[in-house]
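After this come two complexes, each holding subunit A, first together with subunit B and then together with subunit C.
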Partner chain A sequence: MLTLKPTQTQLAIEVSDLKKVFRKRDGLRAPVREEWALKGVSFYVREGETYGLLGPNGSGKSTLIRILSTLLTADGGTVRMLGYRLPEDEARLRRKMGRVSVDAAFYKKLSPRENLLYAAQLYGLEPRQAEKRAMQILEQLGLESRRFSDPIEEMSRGMQQKISIARALLINPPLLLLDEPTTGLDPKSRRDVQAFLEDLRAREGTTILLTTHDMAEAERLAHRIGFLAHGRLVAEGTADELKRRAGAPDLEEAFIALTGEELDEEADSP
Partner chain B sequence: MNEILIIARKELLSVVRERRVLLTTLLLPMLMMPLAMFGPLLLLGNAARQTQENVQQVGVVGVPAPVLAHLRKAKVEPVAVANPQEAVQKREVAAALVYAEGQYTLYGRLSRGTTQSALVVEKVQGALQAYKEELVAERLRARGLGTELLEPFRLETKDASPQEEQAAGVFAFLIPYFLVMFIQLGGMSVAVDATAGEKEKGTLEALLAAPVPLTQVLLGKGLAVFVMSLLAAMAAITGLLLGSSVFRNLFAVQLQALQREDRPVQLGGALALEPLGYLAVALTSVLFALLIIAILISLGLYARSYKEAQSYMSPLSLVMIIPLLFLQFSDFLKLQDWYFALPLINVLLALDAIVRGSATATQLGLTWLSTLAFGGLALYLAYRNFQREDVVFRN
Partner chain C sequence: MLERYLRPMWAFVFRDWHLTRRYMSWVAVFVFYAIVNSATIALIGKAQDDFRLTLTLLLGVLLWSFLSAMYNEIANSISYERWEGTLEYTFMAPVSRLIHLSGVSLFAIIFSVIRTIVILVGLVLFIQVSVTGANLLGVLVVLLVASLAFMGLGLMAAILPVMSPENGAQATNIFQGILLLVSGIYYPVSVLPSWVQPLAYLSPATYALEACRKLMGINHPDSTPDKLVGAPLSSVLPELGILLLMGVVLIPLGLLVFHTAEQWAKRTGKLKRTG
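Right, the complex of A and B next:
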């Protein structure tokens, strides 16, 4: 079981009664329909802790990550991260957070080097220093340096996701938001990424909020896990606590027993 | 300011990597402008010259021998036909001439304007006119009179339009349309890529999560679109200036074949302005580019994908055709000053007036101020769109 060091007791993320509604209209004359993506989610993550959020498609994981990464504004509840409140302190918070999304989004005609330097400049980093750090991270992730100048569109999904992680780590953030970072990766790339995250946590003490479909990944990386279903946090605890509470032999059975849902690994997240 | 330049530089770098975009944005306007202004004319000029030089068959029914001789002299070969109208319709002959009871009837395919048949009809008319003048001169001579009796005075028509308008040529009314079209098309590919393209690739979220104020993101993207729009406009003007000089020198003979002897005009379309005129064209283009980039970015941001963005933006080119039709007949209308406050129409009217050398300070002032105001408003709306979750995350 993963445990935290005694000194790591400060809270890095405090989410309380978080709500988000999307208003949609199916046609010009149709009435506005409300879809609640988050219906009052509360949880906390300690400094240096890795918190795994498990949930099927449509459970609200990506919406939650988008709110925490300041892209969406919540319709209710409070968020405090690294001592800053959202949305009031979003400009300051953005400089302290790294984010990796499920789709490894890049400017595909540009090389990894150009993509990373662009991101670094947006975060106000000095280009030479940013380049050095980017190259270090990419090498740690097992990317050959001769590929740094190839267009990203010529690279595999696994390589692209590694570059995406390197981009999130350019600013050496104390907080990392990972939205299904290993979905769609081959087993080797998946293991590389997981090993890198473990190493990062050990070296830097980075706080990580991780959403995933992969039970084994959650069990390997997360100190604590929250089960999200239909916009509500149904259960949380360590992997062992959740299994014990559900009386289930593994995490997947525990998830099914506690949420009444099954995880669908193939479909896209909302 | 630094972030604006960083974002604009990245957008332009993406464009530079897409050679196809560079070709369509920069090379196409440079080639298209002179080709559009002179290409069809040269084809027509060449066809007209060949029609003049070669011999065509003309159907004849009951045409007297002296007229047949005149027809042959005008490089037309008379052939007997049973049904003149049908022979022309079936293209057995280029034209047909029938004589009955002192009346000549000439058949040709005239509905499509300048066709080969229409040019042969002119040749036959010329032959008949020569024969008519010969007969008149003969009859006057028989009465002891000279042909000067028919010409009590001489008439000379002179073109009094401004120098710029004369040099611009008869197709000059198309220049404003092409200019605004290339400003729009030049910016379109970057605008789509920088908005809907970023949404589709998923990179917009990473950009918006970066510690860069939204205004800087918008201005950075706007600057890239602006640069490409103006480069496209400059390419079009360069093509027009170089192309018109090359075409008018290299193909002078072919263009001459199209001239009307009684009223020679500068054919094709070209720019021949004073330095202040070029400055006015540049300022009008810059202000129009400001307006159009804000519209393009708003539309691109609303769209979910490249395809959707293109389907929103393409009709803009069609919308611009409507003022063009208006522009073609603008000389028949009394232009009111307030026309120059109407968005889009004002830019076309102002550019047309500059090209013709007839723009007034009021017209230009109204155009520039109103375009700046509309551009500012469109930019503000684009900024508001950028702030809206239901627009940015519309998928």
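Right, the complex of A and C next:
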């Protein structure tokens, strides 16, 4: 099925020919080695859409999310999000997007309350209102409020990841970048997070860019899916379209057929 | 104003206060050690029965304690964030680097002032030295003005761990050591090897010490062990002027160096977590 590209006003993310290369040297006298993390990636995400990027470790997913998060500078191509260009408009864009990464990065000695209040103040939010909103989100995610003042280091990874999601949503961003948000979570936490994201999308119309190597998660959450391999977007479409195109019974088989490789076969890239 | 600047700046003070609170037992241990270490140095003067030497050592140890604590707070703030893995979130927040580093520096100054006052009280009680007649308010003014220059140095040092996690952290300590050596904290600069002496005049600590010694009246001929003759603040205006100038130059320079290194880190992917 042909997917027509919508007009620019409907686009939350538009990435065109995005390139990123990391230059490394193994020793002072060794020649500089180039590792291409992204080799000209192009895709778009409509407002309110959830777009899943699937790929094994080292395929360029995290590099792509970092560029969109304003944490990496691209070496080529263009990025436009919510009408803003990167890197020119990064300061304005930062107010409108939240990010959850695979490692729930917090000050581990501080409590969820302290971490979230710190994040809220960074974004200029009124602390009491932010605390109220954070509590609501955490309760929706199934975190008991009595744990709100315990140090984060005493909490499970699932709990930490839920707090990370609450942090990203404190500012009620129209755009959410999720970099493997459920990797390493127990099945219940994974279901909690996925259900919450579905609810969020329905309630707020949040645009979500989700990277994952969990086929079932991509199929459940994403309207459209892109297969990323070796820094290239090899195929994209709905889950059904991708399966049909590959003549495969499931998404994993479709991934193997269309990319020529299996998930989780490579080492992490920078 | 509140939402864009003050609240984000206060966020860093809030964060650093709560982190300090969680490590309060370690803070107490380090303050105790600082008091003991300072006392052992100041007692050298007592053993010589020389109140001028005692006060010189006491002032040196306190001033270095203040400036090094502030330098460390700023210089290590980035390496700590990198170690915790929170650096990317801080850099992704809609906060200018000026607001970010001002917040970090504000906490560093508050923390260092309180820590130095606690050490001063501990020392005065332990070694029973009189500071009657010393212009302590003037000393505080000099410390605060000197803070600006040290803030600039801290900003430049803070970026080193981003460029190279281990080597950067090592370099910040070496830099601090060189400042300690050349600034004449416990001795006159004139006893340093002649080729090192010019470096003393590049260190803000040298001018801060010179000013504080005058304000305390340590070398005033009429000072006695019971009553010092501290100079008025107007007598140290040249030193204050140099310190202010250093601050005015070093803070923007520190921010520029930080910004340049941040852009480099974003090109090379160095903001990622280590540790």
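Heads up, the rule we're going with is that the second predicted complex is superposed on the first by the 255 of 270 C-alpha atoms of A that agree within 3 Å, B and C clash if a C-alpha of one lies under 4 Å from a C-alpha of the other, contacts with A are read in each partner's own complex, and residues count from 1 in each chain.
One rule holds for everything that comes next: a residue touches a chain if its C-beta (ideal position, glycine included) is under 8 Å from a C-beta of that chain, and two chains touch if they have at least 3 such contacts.
A quick note: this is a predicted structure, and the numbers were derived from the prediction, not measured.
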Joint occupancy of subunit A by subunit B and subunit C, clash or fit: clash
First, second, both or neither for A:110, with subunit B first and subunit C second: both
Touching partner for A:94 - first (subunit B), second (subunit C), both, neither: both
Contacts of A:85 with subunit B and subunit C, given as first, second, both or neither: neither
Partner chain in contact with A:33 - subunit B first, subunit C second, else both or neither: neither
Touched partner set for A:244, first subunit B, second subunit C, both or neither: neither
Identified clashing stretch of subunit B versus subunit C [22-30, 58-66 or 256-264]: 22-30
Those residues of subunit A which subunit B touches in one complex and subunit C touches in the other: 22-23, 66, 69-73, 91, 94-95, 99, 101, 103, 105-110, 114, 118-119, 121-124, 151, 167
Interface residues, subunit A side, partner subunit C - complex: 22-23, 63, 66, 69-73, 91-92, 94-95, 99, 101, 103, 105-110, 114, 117-119, 121-125, 151, 167, 270
Complex contacts: residues of subunit B adjacent to subunit A: 3, 6-7, 10, 13-14, 17-18, 201-203, 205-213, 389-390, 393
Residues of subunit C touching subunit A in the complex: 2-4, 7-8, 10-11, 14-15, 18-19, 22-23, 84-86, 88-96, 263, 266-269, 271-273
Complex interface listing, subunit A residues touching subunit B: 22-23, 66, 69-73, 91, 94-95, 97, 99, 101, 103, 105-110, 114, 118-119, 121-124, 151, 167
